[in-house]
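One chain, subunit A, links the two complexes that follow: it is found with subunit B in the first and with subunit C in the second.
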Partner chain A sequence: MDTVVIEVSGTLSAASSLFLASAGLTLIFGAMRVINLAHGSFYMFGAFLTTSLVGFATGARFWWAVPVAALAVALIGAGVELGVIRHIYGKEHLTQLLATYALFLIFADLALRIWGAESRAVPVPKSFFGSIEIAGEQIPKYNLVIVGTAIAVGVGLWLLLKLTTLGWRIRAAVDDPESLEASGVNLQLLFTVVFALGALLAGLGGAVISPQIAVTPGIDGSIIVGAFIVTVVGGLGSILGAAVAALLIGASETAGTLAAPDWASTFPYIAMIAILAVRPWGLFGQPER
Partner chain B sequence: MHRHKNGALALSALVVVALAIVGASTASPSQSERQFKGFINIGISTTLSGSIATLGQGGLQGIQLAAADLNRQGGLLGKEIKVVSADDNATPATGAANVRSMILDKKISALFGPVSSAVAAAELQLTAQYKVPTFLHTSNDITLMTQRWTPYAFQVVPNTIMEPRAVAEYLAKKVGNRKLNIGTFSPDYVFGRNSVANFLLALKDLGVNHAVVGQQWPALGAPNIAPQLSALISSDPEVTFNIQFGGDLVNFTNQAAGYGFFKNTRMIGMYSLDPLKALGDAAPSGAIAFSRAPFWGYKKNAAMTAFVARYKKAYNAYPSEWAIMAYSAVQTWAAAVKKVKSLNGDKLVKAIEGSTTPTIRGPLKIRACDHQAEVPEFVGTIAKQRDKTVGHKLWNPEVFIASPAKTMLTCAESLARR
Partner chain C sequence: MSVLRSNPAADEKRASLLVRDVNTYYGASHVLQGVSLRLAEGEVVALLGRNGAGKTTLLRSIVGLTRARSGGVEVGGRDVRKAAPHTVARLGIAFVPSGRRVFGSLSVDENLRLSSRSCPRRKGPWSVARVYETFPKLADVKARGARHLSGGEQQMLKLGRALVTNPNILLLDEPTEGLAPVVVGQLGEWLELLRGEGFGVLLAEQNAMFALRHSDRGYILEKGRIRFEGSATELRSSEELLSGLGVSARAVRVVDAAEGRES
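So, the complex of A and B:
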């Protein structure tokens, strides 16, 4: 029983990491119907930029490095939308996949040239270094940052979509883009903003996770699979779905490590197949019209 | 129309400039071409991108420096050594395609192997078919020299039996008769599974009283290991044998430290140069570290000292184990070429079998029966303080060097596995 706290902490940490990696992906698909395989690249850029901004010293630099890295990735995202994505709206999904996969490969090579092949680590900021004791168990303080950021991103996105003009326009763009454009809204600018916001979320995810991982080339590909599973299981375009799916996937993997460690990595895929067999459009998604 | 004209003009200009550059580079023989009587291509197909690229890049730099050093001494057989490299993406099919192209198009005279044992397995069949001597300096699965044995392959790295046996031997000396609760943490593929199995077998053979309380198998390169880590911590192991490497080990160490895990368990991990550098002060002091060829383990070795200086000058960094092993692989091949004065695969194989070559790692003997190098594994503990030379933590001065005589399979055992 005394290890329940550790298991719950592990599950929440895993779920939060997955959600942070997938929130931008599902936002972009929901608003723009673009499957962005380069999403992992934005995540990777967020992490690498943080390593560069923080250097190897601990201290307060981390707290400004995170938003700066996320904003820098948002700018890269805006550039990608203007240069590439804008030209593939409404095209077949295969065309979008190929175009964004090409971006993924280009960005991977770019990162290798800029940051090299070495593993990089970001020191945990002093205020969240070490552990806290809960029910006699030591839990990493930094888990609070990851879980807190995931909750803030989830609630923030929900408020943005429900309560702001931008959110209303994003939702309208999903349902009826032609009418929205006819009402005088600059649809192309809106899409640039949404894509940049999605990139910002990915960059933020990479930046916030960076003290817990080894930042290496290849993390783009490593996280994209998990992010896609969460996005598809939650329902393409659903922020709430992504949050619930992240929790389910995290819990299924934790259950796997306890029940059958040899097969633990398989559990999330089993959960995905089971959910999609019942609801092919995901937990909170809608069937394609 | 204007745009088209401008475009055509720009294209023409580009072609002219490109031709000028090509012309400039081919107009007169380079200095190296004047100095040498032709060239010899050697190949390295390895992982240069993705999560294990650190290992591949280190190996490539070792090969490149070895070629540069040979060329400075006049090359081999009067010819310049040129390195042909390609990225295998840690994929067997890509590795095999790279090697086929290197053999058929680039006419490589030797291949220096990949990071992944799975990729190596795919490549060995090809190099055997074309009789190209192949040196495995990073991939170390035992099956490459036993079940998958080919006459043209040589392994200059401690294999997946030697490495865990060395660690078990060190542990046995430290714990005596006390019973140990052991947890294992390993990447979920053949290298990790074999290493863990052989470590536990070695403990049993050495009579170490132990019980396995938890085993976790996260995917190679998985950034999110929280579920496996929390399960391992819950099993409360007194000793944790972790066979992850590079970025995965950094990832584990960072996350486990947050749980205060290293206060409760004696960590054993492959803390080689790259993860120690990445972890900086977060490297767990006192943890048991093992490594295949750390430069700080070669004390009173002038050749290694000189190599470290040359490497530092060339790359502005200290050489990783992967660079050191790759360099020594080229030395082994080059010594054989000099001896037989030929690049013929069959002649080179005969020359290398049973040979001992002076290398930066000391005399390196290749056993004739299975082409496994008789090389040690290094085991120590992580220091508390930063090393003044490299600027981050390394190991404490007392390093256990496991003798290959104790860790290797006997020739009879090795042959029985084919």
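So, the complex of A and C:
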């Protein structure tokens, strides 16, 4: 039984990372029907910007590096929407995939030029260094930050969508963008804001997770796969779905590690195939209009 | 309400909405072929035509959801042919689409409150509270998800959503479509209410009998062109025009007799 706490903690932490990486993706797809392959690039930029902002060795500036990195990525997101995404709304999925894949490649190249090919590290901030004891087990303290951020993002998004005018507009844009536009809402501006918000969430995810990973070129590609699995399983456009799917995928990974370590990385895919076979539109998604 | 056809220049001046020689395409298909139309505040105008005649396209071209390739669309003297839909809305044109196009994942109350904030600079007598007063049925279901409303309730909600933006002109696209006959009767009452409030209403309808009963003037759109323009009385009494719309004049007389009117 002594490993249960560790496994649960590991699952929660993995699920939180997945949720942070996919919340923005599902938000953007839900409101704008755009499949953004460059979403992983935003995550990567969040992490890389943190490595630059945090200060060498000490990591003393971590707590302001995270929001600054996230906001910087939001600005990049707004620029991407204005420059590229705006021109591919309503186009075929293939066009969108190609355009956002091009962005993915460009951003990968940019990151390589700016930060080089070598792995960079972000020191864990002092206050969350080391581990804490939960039920007799040592859990990395920083896991609390990741899980806490994921919960804050989840609750924050829920409140935004439930209570604010912006949130209602986002939901209305999912239902019927034309009627929203014709009622007097500047849809283009709304889309820029939503895209920037999605980018901000990805950047925040990358920044918050950076102390636990080796920040290298290529994390953009590895995170996007997980984020897409979570988004599709949860139901495209559903924040709640992304949270539940992140937990499921995290748990299936943990279960895989315990049951058949050699096949561990296959388990999330098996979970995905099983769920999509029963509900092709995902757990909380809706069949295509 | 009289029609000032004797003086077209004065008419144009009076018109809050002026559509002039508009051509609209879907791809290579020439849907609207030089359509002109005018509408003043306080006037209810029927836009009649069979399915596929271009009625919806005309409404969409006015509000900018589909851009007209040439011609002019003027709202209060300002050319909006190339304007974005939200700009047209903020100039006082409310588009009420056909079918079940409410914001389904929002509650009734959220639908109305959201729309009431869409044109913040437009002031007028209509508020969410007044919509509930006017349509008490909506107040009863205000917490319900809009996708679970009946067809009639959705029609009410779409109308309420348009009213809270305090427009000058409402463009109604096939409001009777899919409604039970009882609800169509209510819709007629709502139209009379809109007329009483001084709104201009452009009523695109396949149900010509219904539309002509509640309008001052009418246009008949056929294959993308205006075939006829005249007063509602003229239209109702022309067997030829009505049969072109699939309505027999006898049916009109029967309905009129039942309602105790003379045609």
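List of remarks:
In this text, the second predicted complex is superposed on the first by the 286 of 289 C-alpha atoms of A that agree within 3 Å, B and C clash if a C-alpha of one lies under 4 Å from a C-alpha of the other, contacts with A are read in each partner's own complex, and residues count from 1 in each chain.
Note that a residue touches a chain if its C-beta (ideal position, glycine included) is under 8 Å from a C-beta of that chain, and two chains touch if they have at least 3 such contacts.
Everything numeric here is computed off the predicted structure, so don't read it as measured data.
When the two structures are aligned on the shared chain, A:Thr164 is found in touch with neither subunit B nor subunit C. When the two complexes are overlaid on their common chain A, residue A:Thr95 makes contact with neither subunit B nor subunit C. More residues of subunit A are touched by B (comparison of subunit B with subunit C). By the document's definition of touching, of the two partners only subunit B reaches A:Thr216; subunit C does not. In the overlay built on the shared chain, the residue A:Asn143 is in contact with subunit B alone; subunit C does not reach it. In the superposition on chain A, A:Gly184 makes contact with subunit C only, while subunit B stays out of contact range.
In the superposition on chain A, A:Ala172 makes contact with subunit C only, not with subunit B. In the superposition on chain A, A:Ala14 makes contact with subunit B only, not with subunit C.
Applying the stated touch rule to the two superposed structures, the subunit B and subunit C interfaces on subunit A have no residue in common. Every residue of subunit C that touches subunit A in the complex is listed here, in rising order: 63, 65, 84-86, 88-90, 94-95, 97, 101-106, 110-111, 113-115, 117-119, 122, 161-162, 165. Those residues of subunit A that touch subunit B in the complex are listed here as 3, 6-7, 9-11, 13-14, 17-18, 56, 108-109, 112, 116-121, 123-124, 130-131, 138-143, 209, 211-219, 221-223, 226, 250, 253-254, 256-258, 261-262, 264-265. If you check the complex, the residues on subunit B that touch subunit A are 48-54, 56-57, 188, 214-219, 221-224, 226-231, 233-234, 246-251, 254-255, 257-260, 274-275, 277-282. Interface of subunit A with subunit C (complex): residues 165, 168-169, 171-172, 174-176, 178-188.
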